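Reading through the structure tokens given below for one structure.
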Amino acid sequence: MSLVDDLYRETILDHYHNPRNRGTIDDATVSTEGVNPLCGDELRLFLKIEDGVVSDIKLESRGCSINTASGSMMSELVLGKSLADAKAVISEFKNMMLNKGEDITLSEDLEELEALQGVKKYPVRIKCALLPWNTLDEGLKNK
Amino acid sequence: MKNWNDTKSIRKDFPILERKIDGKPLIYFDNAATSQKPVQVINALTNYYENYNSNIHRGLHTMSEEATLAYEGTREKIARFIDAPSEREVIFTRNATEAINIVVESWGKHNIGAGDEIVITSMEHHSNFVPWQKLCEDKGARLVYIEIGADGNLDYAMAERLITNKTKIVAVTQMSNVMGTVVDLKILGKLARLNGAKFLVDGAQGVPHLPTSVREIDCDFLVFSMHKMLGPTGVGVLWGKEELLDLMPPMLYGGDMISSVTREKTTVNELPWKFEAGTPNIADVIASGAAIDYLQNLGMQNVRAHELELTRYAMDAMLKLPSMKIYGPQNPELKGGVISFNYEGIHPHDMGQILNESGIAIRAGHHCCQPLMKTLGVMGTARASFYIYNTIEEIDFFVDALIKAEKVLNYVACR
Amino acid sequence: MKNWNDTKSIRKDFPILERKIDGKPLIYFDNAATSQKPVQVINALTNYYENYNSNIHRGLHTMSEEATLAYEGTREKIARFIDAPSEREVIFTRNATEAINIVVESWGKHNIGAGDEIVITSMEHHSNFVPWQKLCEDKGARLVYIEIGADGNLDYAMAERLITNKTKIVAVTQMSNVMGTVVDLKILGKLARLNGAKFLVDGAQGVPHLPTSVREIDCDFLVFSMHKMLGPTGVGVLWGKEELLDLMPPMLYGGDMISSVTREKTTVNELPWKFEAGTPNIADVIASGAAIDYLQNLGMQNVRAHELELTRYAMDAMLKLPSMKIYGPQNPELKGGVISFNYEGIHPHDMGQILNESGIAIRAGHHCCQPLMKTLGVMGTARASFYIYNTIEEIDFFVDALIKAEKVLNYVACR
Amino acid sequence: MSLVDDLYRETILDHYHNPRNRGTIDDATVSTEGVNPLCGDELRLFLKIEDGVVSDIKLESRGCSINTASGSMMSELVLGKSLADAKAVISEFKNMMLNKGEDITLSEDLEELEALQGVKKYPVRIKCALLPWNTLDEGLKNK
């Protein structure tokens, strides 16, 4: 497998070049920051949670392709979801990324995330892929 | 005499340069992180372990005497290499970081108080930043930063304003590990001296690449790491003026650093051993002697000349690329062989990863200089750094790979 | 399965055993000072330097990832070797001495006050004595000694009296480096626990020679040095319970031990890295993994059995000599393979020197245990200490050489 | 050369087995202690100095052969000497032991000390030979 197959697949590059839900939310109910200590990449995450549902989500970052694409996919997948469902998505994704063994098959609606599975071959980059998710996890803590 | 043939024969001494990365020859441009090791250093290690491995200093048997002589022999070599008046001033640590911590703990804690100022630069490595920041927090002292000017150089006019009689120590890098900026130590040293401040030089990047004399610099402390200068991992050096070291209490207590121990009272050993508690890293110190010999043989002037040639060539070629930004001084004469850059639209992580596919090892990120990243207004940079075994051809290959990097990331867009 | 053939094949792994001293085959009985290294460990070093030498943790290129994996791999191996719940509790230091200093500095300074008591034994190595003595001086605490009984064993009845609710930490050696005395850690650990004290075990001598499980011992800290257990010089280990390490501030500040740094504030990294400032001793940590593999393969029960056999044989033979005194427990079951002795009328220095003429390396002097020497009423002792590659034949040769030693010193008298 | 030639020569063994001037001086004008940090060997030195002359000297130690022999020879050589002469002997001996090059020939009356020259081949033992002399040096300081 080549780098392009593992890391820079079409889906990832698409999200990297056109990140969804980029920006800030002025009347956010939650905002958190995340840092990748290895490289210093920072991320700001804004959430609007209404009636137990993620009614809006925006990200601001200047991260690498993996970080950006991962955040962009994440934002699409949790937007409109209930808190419980959002948390389930987070844990399914983290499980996939931290599992050291075989490739993992995700539930149908999360299929797109499998594109990030190639990142597991590059241990340092796993943190790039996880940064948005850890930041979201932090933001949803005690919610 | 330095010429192209020399580099070829130098390369033969470095077994790792035969390494292939995914089938491509390794191009090692991560020398500011750690250097590769010549066969002479590796052989010194195996020779030690195969022929005279033994604990030192108190042994009466033959191997213990041989090991002691070799260990203390490296101390003498290092003293000569940095032009120190006495080998009693050379203390072995794990790395440059530990060496700075000894100064902070054993000198700083006793000489820095509330209201005192410690002057550093905005381009210090975390190792010459965090310990001082912590000391300032503990003591109510103030950390003061000499900034970088618009030309990418240190702002010496600012240094003159900042170093005052409040300053207790000026602690600066000899060469930036991010931008390669070479600091004019004579100017800063004079300012420190004039204001009664001590002067510490972080030579982690400087000593491996520039001729360095503690007598010429006229500093009080110099620290560096052998792993960045052909030596093994696990050996750092703290050099300090004897009269200062003599007054400093040890940082670590235990075996070897004492001269007599009773239940009532312990007497501390003399220099340099009072700072070397426990069994030292004997093998690696001995192998460090081989690294010093190797550099001494080449001549540090020649090392510098070779790197300057590479740096000039690389900067010229890189700056021909559109949207290439190189940080720090644009004049290669003012910097070591360290080039930090960003290529518009390509995050350093992606750059590093993609270059690796071509067998090229560079570093990407904050390079343990987060405060400098903030000053530069970036999250991180990509960094290529050179040493004695690198060649012009490798740089040509590297520049080609830079161009290809863009293609990988625009894959979709380009189809 | 341990048998005579095993020792022969083990010896083939140790290139240094081919060494001649003045033409005589080396008999290395200085294992308590440092052990010899098998070819597997030496190869791990050269393999690293020849194939993937690189700085770790932040590198994106292939070699950096390989080095990071191997470095962190040793941490996992060590965690398993000492039966630790998590590799996050394994911290790499330079040696056992530094490991103890971290506990004193990062735990002791914050948890010991005036009137508190620290309990040690009268047979501690300077490394587990001087740091505590210094802490007591600084804090107005009291150092309390469990003495040795008439049988050469630790006086456990006394331990029971001395460990009280004033005791904040019990810090004891697992095995005396002078007399080989094996300490019953379960008794002391229980007493510590009962009185709410922490429990530190100095495993510098114990871990290389005895099966060791931190969960069985139920200690809070365990320290040891890889150079005494087939590993290279320059690597020590501090193991501590996660909940304690989590609360302890770092001892050294700098690169790698931080998670974010700004001019305003620095955030410390998570375990174990918060205690590993600067570039670690990468190569030697990786080679330490090979040492652990080697011991693991042999099985620590077998190591112990082999040494017990040698010790029993040696003590029997030595005690047949007139005017031979052996210190510590006279029952080999109660001690490791370390025999401290004096031969009436021959100073240990002379003994060591004369044995060296026969190619035998022993140690002579205070063995970094001056307080114990005082207790024993001697200036020093001669010490022979064994490891996996030593043989019964070597002991025969050694005992013959002891007899000859007397002749050399009485040269004139005997003519 | 063998160990016996270098280290355990007749002269040295003679002094080792029959150390001269062993003991203490009750009414000593000077008494000092010396320690060899490498091995822990201790030495107590007693001097009686009258009219600028070393009128009595005694040593108490449990040192090794080299230490004992060196102290014994020293005691014989400085007994009865003026302070200035005693100091000259000390410096001549130290010079011989610390000189790394060729063997050194001593003045005629100190010839016996040349027996200790073989010790120089055993760096650790040099400190053994020097201990009595350094202790004496310490004792005569400011005298």
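When the chains are written out, they are named A, B, C and D in that same order, and each has its own residue count from 1.
Keep this in mind: a residue touches a chain if its C-beta (ideal position, glycine included) is under 8 Å from a C-beta of that chain, and two chains touch if they have at least 3 such contacts.
Values in this document were obtained by computation on a predicted structure and should not be read as measured data.
J.: Per the centroid of Cα atoms for each chain, what is the distance between subunit A and subunit D, given in Å?
T.: 79
J.: Using mean CA coordinates as chain centres, what's the subunit C-subunit D distance in Å?
T.: Inter-chain centre distance comes to 37 Å.
J.: Using Cα averages as centroids, what's the distance between subunit A and subunit C in whole Å?
T.: Computed value for the inter-centroid distance: 47 Å.
J.: Rounded to a whole Å, what is the gap between the Cα centroids of subunit B and subunit C?
T.: Roughly 32 Å separates the two chain centres.
J.: Which positions in subunit B touch two or more other chains at once?
T.: Residues 58-60, 64, 258, 260, 349, 353, 364-365, 370 of subunit B each touch two or more of the other chains.
J.: Hey, what residues on subunit D touch two or more of the other chains?
T.: Expected reply: 38-40, 122, 125.
J.: Which label fits the chain touch graph of this model best, line, ring, star, complete or other?
T.: other
J.: Determine which chains touch and list them pairwise.
T.: A-B, A-C, B-C, B-D, C-D
J.: Considering only the defined contacts, which subunit C positions touch subunit B in the complex?
T.: 15-16, 19, 21-22, 26, 30, 33-34, 36-37, 41-42, 45-46, 49-55, 58-64, 94-98, 100-101, 104, 125-131, 133-134, 143, 145, 225, 227, 232-236, 251-258, 260-263, 266, 277-284, 349, 352-353, 355-356, 360-365, 368, 370-371, 374
J.: Which bits of subunit B are touching subunit A when the two form their complex?
T.: 347-350, 353-354, 357, 364-366, 370, 373, 379-380, 408-413
J.: Which residues of subunit A touch subunit C in the complex?
T.: So the residues of subunit A in touch with subunit C come to 35, 37-40, 122-125.
J.: So in the complex, which bits of subunit C are touching subunit A?
T.: 57-60, 64-65, 68-69, 258-260, 269
J.: List the residues on subunit D that touch subunit C in their complex, please.
T.: It is residues 2-4, 7-8, 10, 13-14, 16-17, 38-42, 62-67, 122, 125, 128 of subunit D that touch subunit C.
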